[in-house]
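What follows is a short report on a single structure.
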Amino acid sequence: MEAALTILLDGLQFSSYLFIVSAGLTIIFGVMKILNVAHGSFYAWGAYTAAFFIGKFSDMGLPDALGFLLIVAAAIVVGVILGFIIEQGILKHMYERDEVLIVLATFGLFLVLEDIILIAFGTDPYFAYQPMALLGPVELGGITRDVYGLTLIGVAAVVAVGCWWLLNKTKWGTLLKAVIFDREMGISMGINVPLVYTLTFIGGAILGGLGGAYIAPTISVAPGLGTEVIVLSFAVVVVGGMGSIVGAAIGSLIIGLLRAIAVHELPQVELFVVFAVMAVVLVFRPEGLFAPAKPRKI
Amino acid sequence: MFNDRTAKFLLLAAMMICVGGAFAPNWIVNQFMFGFSRALAILGLMVLWRTGLVSFGHAFYFGLGAYAVAILDSKFGVSDVFLRLMAGAVVAGSAGFLIGFIMRNYRDIFFAMLNTAISMVLFGIVVKTESLGSTDGFAISASTIFGLAPETKYPLFVIITLVGLTAALLVNFYLKTTFGKLTTAIRDNEIRVEYLGFSVAHAIHLKYTISAILAGGAGALMAMSLGQVDPESMINWTVSGELVFVTILSGPGNVIAPFIGSLVFEILRTYAFELAPQAWQLIMGATFLTIIFFLPGGIWSLIEKLGGKKNEK
Amino acid sequence: MKNSSSILEVRDLLKTFGAVVAAKDINVDISQGEIVGIIGANGAGKTCFVNMVTGYLAPTGGSIKFEGTELVGLETRKITHAGISRSFQVSQVFHSMTVAENLMIALAIANNRGTDALSLMDTPDLRLKLDEVLKRYKLEPQKDATVSALAQGVRKLLDIAMAVVSKPRILLLDEPTSGISVEEKFDFMDIVMGALREDGVTVLFVEHDMEIVERYVSRVLAFYQGEIIADMPPKKALADKKVQEFVIGKEHHKKKK
């Protein structure tokens, strides 16, 4: 029973951070049709920036509670700066080109961003445990959990509801859905598509950064962070259906829970299981489980 | 097969490289060994790339080739260079042929992603399996040639060069057959190819299998050149990315291109690493972006321009 | 309509997309050497018919026999091998290649079946054939031009030439003159039909332009709502009440493009 609860909570926590990151990836793909490999770097940048400032603030004797503010600030700063520079500097000039070529360009960006992290933050790991220590542990159905980890689930829920609300309840969401459905139609409706693209990319980047920033206190922030997360979120997005928020949520849950089960019950298959599911979905439902509707082009 | 300029150039260059290698310092011999090993895989990816297909997971076949060598070595003590090479190519080629039945129905991003998925499945298995060396991998004993254990790396270098030459000549020939010419045509218009009476699925399946054999051979040669294998540098998705990187860097114009591109890549990496150990990826990434933006035909298009079309397309 | 010399026999052909009926009760026999015009308003089922005969769409029911061989269930390329070829309303060519390269590929595929596909493509023999095709379809001046830079009319000519190099016995042309100017249309059709007659190819072509129909065909099939409402010589068909009401009348009102 306790073991099952542990698996469930581990799985949910893992799903939560996967969802936050993947939501950003899938929004960018849905709107711009860009599979962004550099998304892993947003995550890494978010984690480093948050960890760095949490450590600095703590050294300066400022209250640890500020850490939460720093996490959000780090995500926004990283997302806005990197997102803006990359979209305006590189991607904007590629929209007419083959989508596979754009994937390759984001891979080049990924390499560049990974190294700028090394240059900026060095190779030693960062620890930013303060926010986690602040919240302390809690007894839950016979097991002890860190409260911080549990809040991650809440954050993911907030992101999910936020995305849903934005897409379905705001004027902005309607415009976005028009562009997602058919870019040409969006243009002919008078939507400022370039602006939509820029904002979407920044928004997606912020979510990528938030995933990293929020997870930072629970891990040692070290080089290579983005490499693993990007393939995992690819798996999530592929399983759920590229471009679908609901898909990202379901995909995260499937992959998060499966991985948690594997880690506890059969650690040898931990990674295997994730990508085997991805491969199976691609083979039998290449559009993913919850692919968004496509316009008929003929 | 030998009567075009590309083939003649390849023969001549291979001869000169083999002779030159006897006098070259060790580090240059090494660069060529790594470069030409990798070039074999690039040759295969080039065939796919011409058809408009980019695999973001060919480290799967590269890794299979490398691990075939490692397992033959550690479990069966096989050290013969040709047996090792054959094993790598056959294992990867068979896997590619089987997976090709599925892969030939996929295009664009789905093709790229499905390849990523299968390569990560293999990565996941190897990393977590003690008997496959886990994250540490295996050290590989020195290769022997017909029972003889050479004292220097030169014989292996010559063999790699000659294998590269053979592969390049074969692919060069293939690209001139009807089957091989169906690259750009498939990328442009699959419906027309079908209506002309050719199965696009068969054409892609063959190309995919060729690319798997070559990537497997490349992995095997790389494993022998390095003397070790590990999942991080043989199977992880970043290795697939590296292979695509070199393919774009080389350009699809000619079978010579992968060899030049791979050498440039090795040299670039070595120097970037020596000059700025913390920024070599940055230099690689920036180079990659520059190529994508300003030199879509890769290094080969530059050579063509400079040489005023010395070599036929 | 049963005819002993018919090479194409279509029986009770049916195609539905959900509740939409795209083709119904289609029964036609085509004889060797006939030039048949297929007319009908947009959405009457003409292209659908062409797509079914060439295996691009699977019929919901019925049969299509070519020289006694059942075509339903065969893949498009198998039907090409059997001897039926087609052109397209929107030309389907290799846009980043030159005219000569396009035709070379078509010739190579037509001439190198099976394992022959692994022999060299560019042979002197094929070069000769290429020159012949270029000449016949008056494509010599453009032979080294990249297709994407060519005018619509040239592309359509190339599209048809590519369909013919496999020496089909039946050729289906889907709106050969659409996108071609009024001044050029007869010249264009003269080139095409002249070349085809020389080979004795049986031709079925979908056409909106009644002038073209009158001038080139020996028989008309008029489609309306997925059914054939008239099957008769062109003069008679154009004077037919039903044809005038459901095909030509509509055409005049619609005046599309």
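Read from first to last, the chains carry the letters A, B and C; within each, the first residue is number 1.
Here is the rule we use: a residue touches a chain if its C-beta (ideal position, glycine included) is under 8 Å from a C-beta of that chain, and two chains touch if they have at least 3 such contacts.
The structure displayed is predicted, hence computed values, not measured ones.
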(message) If you average the CA coordinates per chain, which chain's centre is most distant from that of subunit C?
(response) A
(request) Averaging the CA atoms per chain, pick out the one whose centre lands closest to the mean of every protein CA shown. (result) B
(message) Report the inter-centroid distance (CA atoms only) between subunit A and subunit B in whole Å.
(response) 32
(request) Provide the C-alpha centroid distance between subunit B and subunit C, rounded to the nearest whole angstrom. (result) 44
(message) Can you work out the whole-Å distance between the CA centroids of subunit A and subunit C?
(response) 52
(message) Could you list, by residue number, the parts of subunit B that touch subunit A in their complex?
(response) 52, 54, 56, 102, 106, 108-110, 112-114, 116-118, 120-121, 123-125, 127-129, 236-238, 241, 244-245, 248, 278-282, 284-286, 288-289, 292-293
(request) Show which residues of subunit C lie in contact with subunit B when the two form their complex. (result) 54, 75-77, 80-81, 85-86, 92-97, 104-106, 108-110, 112-113, 116-122, 162-163, 166
(request) Using the touch rule from the top, collect the residues of subunit B that touch subunit C in their complex. (result) 173-174, 176-182, 184-185, 187-189, 191-199
(message) Please output the residues of subunit A touching subunit B within their complex, sorted ascending.
(response) 35, 37, 90, 93, 98-101, 103-105, 107-116, 118-119, 123, 227, 231, 234-235, 238, 242, 267-276, 278-279, 282-283, 286
